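Below you'll find the structures, each written out as structure tokens.
Below, subunit A partners subunit B and then partners subunit C, in two separate complexes.
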Partner chain A sequence: MLQSSNSFARLLAELQKLPGVGEKTALRLAFHLLKYPENTAALAESLGEVLSRVKFCSICFGITEEDPCRLCSSDRDETSLCVVEEPQDLLAVERTRAFRGRYHVLQGALSPLNGVTPDRLRIAELMRRLEGGAVREVVIATNFSVEGETTALYLARQIKPLGIRVTRLAHGIPLGSDLEYVDAATVQRALEGRSEL
Partner chain B sequence: MEPTRTEAIVLAAMDYRESDRIVTLFTLQYGKLRGVAKGAKRSARRFGPALEPFARIDVELVVREGLSSLRGADIVTLYPGIRRDLRAIGLAGYAVELVDRYLPDGAPTPRLFRLLSSYLERLDQGEPLPSDRRFFEANFLNILGYRISLDHCASCGVELPATAERRAGASGMILCASCGRYGASVGPEAAALLGRCLATGRFGAVLFSPQSLREAGTLLDGAIAAHLTRPLNSLVFLKQIEPD
Partner chain C sequence: MFVTKIQISSFRNIAAAEIRFNRRFNVLHGANGQGKTSVLEAIYLLGTMKSFRLAKTPDLVTWNTPHALLRGWAERDGVGREIALYLGKEGRKARVDQKPVTRLADFFGNVNAVVFSPEEIAMARSGPDLRRRYLDRAIFSGDLGYLLLHHEYHRLLKQRNALLKRGSREGLDIWTNQLAEAGTRLMVKRMGYLAEIEPLVRRFYREIAGGEEEAGLAFRPHLTAPDQVAREGTDALLALFGAHEAEELRRGTTVVGPHRDDVDFVLNGRVIRTHGSQGQQRSFVLALKMAEIEYLERLNGAPPVLLLDDISSELDPQRNANLMAFLREKRMQVFITTTDVSTLRLEGIATHASFHVSRGTVTPS
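On to the complex of A and B.
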């Protein structure tokens, strides 16, 4: 049977390494791939292409095919730098079209409980960029989890002595939501960060 | 099985599959347990930010052998004061990791629950004091049955009067000056203050001087490390953010 096939067993094992894919999902995906060989060949080709062409930008550490990336080599505002945890967070900020500065991707967040310490992130590279002197404001856009907050506080402590303004994304009630369904902690944060009308 | 409600402190949390989270909880009623919160990453209504490390929550769950099933959680507090202070985050992480690593599953320990809650409240209220950390550790070891014997030499058993010079032995044991001649000194003041830590249950009641803090620290660090098979991640983090 198929499960006794080495190549099929290897495919199942590789699929199960993907986030959120267990044994059953891997089996379903594998049969789907076998059923549509043209799509599978296109997927295999695309995976190979990604592996050979996509890399991290040597300046901002976002994903790119050219180094430096399009964002780092364009004429965007050099005085403003937005720091995010992961490349997908960069895309989320970029989608807003509200930020015209440059980016720096940390490739993770500090986590006291999981042993993620400052030396395991792209913080040294960030500090070297700031020593250049062009940046006047760092916008910290890490997540609002314990790890994200820890990272934001650590960065603020490192950057403020350089005389650079450090700001944090605002947080509070999501747009379009009813106050009565928002959890107390979020309402409390929103109250603390209230602004003048 | 019927769902039940209990107070809990989140010791650890990790993402699981597409939208679930597996959390380790220290509950008042059932002790330490691990549970799965299905859809926690998707459903802000059922869990919101309640499953963040060191959050204090009121949790509804079905208790099972192995993995319990979390049905929902209300936040008692996320300790906003802690989340505004890098050192407080490190110390809160240290406290919950210590409880997670020492406590076996399913052993209700209400005294330890109260101690941990009080320490988190203390960290939430203001400047994190080194004396509070040592107060927490001394009482933590005491509650779990690893109390440091301050009155007798752990090697020869000789009684140590209040004014006697003590030495810190391996594994955080107190030794007399003769048995522990190569160990770090633990002066009468440090020994007396450690004794007071165990006699009062109130944070802030005991303040160590810089010297007694160093001596008590050597002793407590040794006693805590003696029962662990690998170093605590949070201690490595604390050392990086505040080198000695």
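On to the complex of A and C.
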């Protein structure tokens, strides 16, 4: 049955390309889509819409429908710039409402294993923005992975000669967590990075 | 710490077995190739998720069966734990008290096991790899942060190697910096551990071998020296990487660094790899294991379990007797495999259980 249905097989194959979706999940999703044709039509329409409308902002490289994006064309603080790896990281920082400056999305982190060298990231664009002279502090909010840390150091080295302050998010024990439930390795790192009260 | 019971299914050549262990001595006897060591390996896997034989998952699963399942009941400070480990196509999955465990760090410590086997003795005469692997394993059985650091160093190493393979200098200094920093922390932890167990090794070596020979552990960081690392910190490694950069770019890989560190086993200032007799090498590794047991006991408040694989064949009668004396004194659980029960000096050991292992079947005897 499945083999004879070409379009169905193609749907399965396309679904399996999505992160976290394997053979079984793809089958479940595909049957679900067939079962609720109205939802599926809406989904198809929205996929097309996203493709045609959503693009990367030409200034910060976050996702947007109008260029430049709402954040870049707002009157937010121009002296402070937060650098993140992916658009979803921008949303994570923005959700806090604790940061009133602007953003720059690198669209990844350095990873020679995956062929990601500095020229594959939006670093040249970042440096051009900084040369504008308005930015006085760059807040680096890349992930706390080996790759994210290395990217942060790379950026710091590029930016510091411009006389701009470079800061990094703090890391350690998650807020509101009981120390006893935090894994030993994290506590150990937090202990090493302890600060004066 | 005790392992009170274990259930094994489709593991190596053991189709199914349920074994209730004695809290002191457990002797597994039988001819070679019957599955004795597999029982020890199962216990070790329940403690670390890894095999001391360095086997990959497919090697552990009985031929033509989909997966292996190990279940162990362990007790520590009066608290019982049920540990289950699934080994199959989807990898290794663990449960502790029926609850899935996702992080290796949460799994460690339920069963601490120290192994002494003929393969382990080989590290006294082999190249640096076995000794370094042993050192790393010994450190992270007592320090989970070390495991994380070890992963981090090797991740950085892979990334830097990928960059070197492309022959690219772009961003290379940053990866080098990161590697030097993680590498230095790694070396400092290695030095710390060795400093802690060296006096113990010295003491136990005298107890096993008798005589006045002085045992020592000399850390040999690759192409640098311990005092240089202590004095200069990260700069020592940075200088090393700097001096080899051209060669590394040419060869497309990181040729120097802590992933090539070594530790010399020393008797009276002479390295036993090249200058020691077989008897000295065996005694040294045994002393090292006893030191590890003592160290873990101090750290955890309870000794680990000890897995002795076919050891009486490796030690002469006097050393065997000294080992047994040590084991009698330590209130720890011991698992011993042997082809010949008569070689074990079990006199004076009142409580023990023995099992006969034949073609993957384990029966109390």
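The rule we apply is simple: the second predicted complex is superposed on the first by the 181 of 197 C-alpha atoms of A that agree within 3 Å, B and C clash if a C-alpha of one lies under 4 Å from a C-alpha of the other, contacts with A are read in each partner's own complex, and residues count from 1 in each chain.
FYI, contacts are C-beta pairs under 8 Å (C-beta built on N, C-alpha and C of every residue); 3 or more make two chains touch, one makes a residue touch a chain.
Predicted, not measured: the structure shown is a model, and the values here were computed from it.
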{"item": "If touched residues of subunit A are counted for subunit B and for subunit C, the larger one", "value": "B"}
{"item": "Which of subunit B and subunit C A:T40 touches, first, second, both or neither", "value": "neither"}
{"item": "Contacts of A:G20 with subunit B and subunit C, given as first, second, both or neither", "value": "first"}
{"item": "Contacts of A:L110 with subunit B and subunit C, given as first, second, both or neither", "value": "both"}
{"item": "First, second, both or neither for A:Y181, with subunit B first and subunit C second", "value": "first"}
{"item": "Which of subunit B and subunit C A:P118 touches, first, second, both or neither", "value": "both"}
{"item": "Partner chain in contact with A:E149 - subunit B first, subunit C second, else both or neither", "value": "both"}
{"item": "Touching both subunit C and subunit B, counted on subunit A across the two superposed complexes", "value": "110-113, 117-119, 146, 149-150, 153-154, 157, 183-185, 188-189"}
{"item": "Of all residues in subunit B, those that touch subunit A in their complex", "value": "12, 15, 17-18, 44-45, 48-50, 52-54, 75, 77-78, 80, 83-86, 89-90, 93-94, 96-97, 233-234, 236-238, 240-241"}
{"item": "Interface residues, subunit A side, partner subunit B - complex", "value": "19-20, 22, 110-115, 117-119, 144-146, 149-150, 153-154, 157, 181, 183-186, 188-189, 192"}
{"item": "Contacting residues of subunit C [partner subunit A, same complex]", "value": "103, 105-106, 144-145, 147-148, 152, 155-156, 158-160, 162-163, 166, 168, 170-171, 174-175, 177-178"}
{"item": "Touch list for subunit A against partner subunit C, complex", "value": "110-113, 117-119, 146-147, 149-150, 153-154, 157, 183-185, 188-189"}
